[in-house]
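Please go over the structures that come below.
The two complexes that follow have chain A in common; it is paired with chain B in the first and with chain C in the second.
Moving on, here comes the complex of A and B:
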């Protein structure tokens, strides 16, 4: 009774550290709140507006997203009579959950292993990330609303046309690094060159697919607010709406982490190889998260510049230019592996 | 005569657009009204929220008939002392019998502020205001009961500075304090 072996306690504490702080739940919450505020502020500046300002005026309205979160938490929940109620309630939560669970397999330090050490972290994280759009389609089905349904159909079209280039761009990096594991991928970049120099085509494809999958402009097609009221989330209110709106930002965070691990050299300036929670997790984690945040900031800046593509334009470019780019990136990778090594 | 469209340069346009956006990001030119602190001086015929004069209304239902989005419904009432009305007993949907009458109630979720009802009223019973910036917390607040509807709407930012807009050659739009 009451005797827990000390190594087990240390192991549990480290796991909690991974899950809660890096790259875990607290970081997600802070990053999502900050990036939503930043996006609105950047778009407002470029479009000659002020953006969020009146909540905490002295720091430029930085607490606006927090205020929105509180408002969503206490808002009246409205569930339409004809909705498929179970799916209507569960789908946004599951979408958010799967987007968050994918983070378990995205390491931010050289000694990172939650639950079990794995050599297939790239595959696991991709599998979990690709599940989330299915729940987006469930949302559209469950709402029983024409706008939600059209939004879901558009999501399906885009999903199919952009998933293949996404996987091919990751496959080309797997070919170059000859591993399915993020940590060894980063280690091989540290000893040679960052992935964005090794294969710029794959990096470009990945960027385009990131913009598309997370619904940033110019691929804001599924929730096109001038055509479909709010697309998928037309019938949602209160916390369900808040969760649904936050999910693309969590996905954006996932993708940016993957991008900074595969292409930007991970924890690059920090190459110390010490098995220690501080040197093995926290310092490299901060570097990776900062890199991911810069990528996110660049992507949310696009909202201020671009108009929206039509559905057919987006699908056509997905099946032509982007697919071509991704196939070329695979060929480039194979060529590099054959001729350079 | 249709011109042959040249194939677009896939790079230059994107770079130009991004550069212009970045320029505006670094040197923002904001021309928005600083809204809750200053509000526009509205023209005299501005159509805002409106209420009804209980004593003037004759319950003719013209406003209900003319309302394009069918936002107005007539509720049954009983004429009490001094011309004011009291609610009819529950379950009474038709206004029949002595001293029975009807009064309009507006569903603000449906109203489009066209003021057809104000124009059509034979006794000018509607009281128009210029209040246009009210917010409702709950779904039910869009559909007031007749007693709630009778209360005149309150302007939310009474102490705000009143301004009028002007064309500013440098910035595009500017604001002057209202005369």
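Moving on, here comes the complex of A and C:
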């Protein structure tokens, strides 16, 4: 090892470090654990309770989610006799995998363009994010349970009605920034104004779609426990259940990263444009992740305020208000591009 | 060995339309069912038929009470209606008093009304909390159950027990008002008035709640009367009927209160009426604590049965110990019936005595059982997601219906 200098090793494996440590798998795990803990703590604070406190009492029960993850890992895996076994086992894992892979195309710093040069990161990340709900429907189909099946049907209805507004809101930002690349999008925000000021309608649409797609309240419709037990995951147990339950949080993380890159100015106020792993990736990355985390915290707070909508109400609002909002945001973008620049 | 065994449920499920409908068995172990099974026929997302299947927690309260001394039925009837114990206790004792021909003194009447109203508030908070979790709001669930606590503490201060108080006995009540009760009660009432504003902000005026409940599960006035619905659900449909007003018992004839009614009879009205009744109960508790007369807390017939030690205890601790009369009580032969407006509606009691140690026939009808037609008549035509809304809004409590 003495022959090869350490910076060279880092240079060779830094793309692996990007995927595995920051902002890859390890960061996702930490963020998911912290956000689940935070969600429970915020709800507990509103509801005059303590929240998780049994595990690691000194730090406010922060390790509770980790303990839950360990518990899921060692539980017995129960597969229903009539289930479609292959789909039953594969679907949650694939869902998690695609949600995680989408992160490859979400750069958190300018240096990223050196690691994976691409001018179409927005398109690739959207394509991967849109794949995940298909596996959610597979989950509902595979478990041979009426409640899971109804949950899958609901997921399908909502999926179709909210994906169009989602894509349109991103398209309106693509029109404004005139690029398919997150890095150029952020850099044009750094030189002018953040996207949320340029097109607040698109930001609003995106927020609503984020709430819906990740199953936050008041759109917690596919897992409505008083109607469908646990919706899609009624028959699941052990690690499959844990993975299935963690996937919405990974999606939430992806969406929040996209939101902070497209609307909150990315790594603003860190404007140094250095092609270097530390100044080009880690420092701006931390800023982006913190922004995303704040967005996530605001979204999980909604649990304490709202009950859930009915399916038909959510679908109707998806095809009417939210779609109208997204179309207006595209018009606004076109108008800005035509008249302002 | 190839014979197929049909059970009765399979036969019931046979439908002329074959596989057109999804048949969902909600319960008995389901987060949204309670101790009952609701069989739902779904056409897509629309409910075609609902068949509530009750009886999973039948506890033979009538059978048990017919084989015990009269006083021992008090804890049995209480345990059937756990969120609403005082009213079950009161209804039974009123019936026995009619058989015995005892009239409790005014102070005992006021104390009965006091503990009944405290209990009504806890019962309504319980209902609102369950409604909250059925619509997915854990906040309202936690708040309502947390805010029951001050009132349960009040009951504990007055009666010595939190839930199953067994406070009311034939001829009076068991304990007098303790020192400092009035001040404590005033603090709790003011707290609850503050909290009701919070409930309005986060729950009653929440746009999602309004979207989910308005025009859902509507029961018209005529239908409500025809189906024999009772209590707040009846008044939410616009019927002005309250046993406390129309056939006053305890001290209600001396108390000034209003009976709130609503117009539409939908789930939102059933939520509002519970909030309004909590306000009325707060008003009544204030009046009772202000107007409560001095005097004995048991009728003279019971007081004269006390032995010297018990009398000393009564004078010092203001506590009625059971005289031997209570266990050897043999009400004269005859029939008696009584009605009480409990938190969820009207309890009806009928008892027949043959002058024996035990009741000859013991019959009671609980409000939840009478509200059961709501499921079959109201849920049809709504969406599956409306079933928890209807269930939660009628404040149905399966153990109470099963008895």
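Simple rule for what comes next: the second predicted complex is superposed on the first by the 326 of 341 C-alpha atoms of A that agree within 3 Å, B and C clash if a C-alpha of one lies under 4 Å from a C-alpha of the other, contacts with A are read in each partner's own complex, and residues count from 1 in each chain.
Everything that follows uses one rule, which is that contacts are C-beta pairs under 8 Å (C-beta built on N, C-alpha and C of every residue); 3 or more make two chains touch, one makes a residue touch a chain.
Just so it is clear, the model here is predicted, and its values are computed rather than measured.
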Just to be sure I read the superposition right, which of the two partners does A:311 touch: chain B = first, chain C = second, or both, or neither?
second
Chain B versus chain C as contact partner of A:191, first or second or both or neither
neither
Touch check for A:220: first (chain B), second (chain C), both, or neither?
second
Does chain B (first) or chain C (second) touch A:54, or do both, or does neither?
first
For A:46, decide between first (touching chain B), second (touching chain C), both and neither.
both
Partner chain in contact with A:76 - chain B first, chain C second, else both or neither
first
Comparing the two partners chain B and chain C, which touches a greater set of residues in chain A
C
Using the superposition described at the top, list the residues of chain A that contact chain B and also contact chain C.
46-49, 304-306
So, in the complex, the side of chain B touching chain A is made of residues 10, 17-18, 20-22, 24-25, 28-32, 34, 36, 137-139, 172
Where on chain C does chain A make contact in their complex?
22, 24, 30-32, 45, 132-140, 142-143, 146, 202, 206, 208-209, 211-212, 383-388, 392
Of all residues in chain A, those that touch chain C in their complex:
43, 46-49, 146-147, 150, 217-218, 220-221, 224-227, 229, 303-313
Per the touch rule, the chain A residues reaching chain B in their complex are 42, 45-50, 54, 76, 78, 301, 304-306, 321
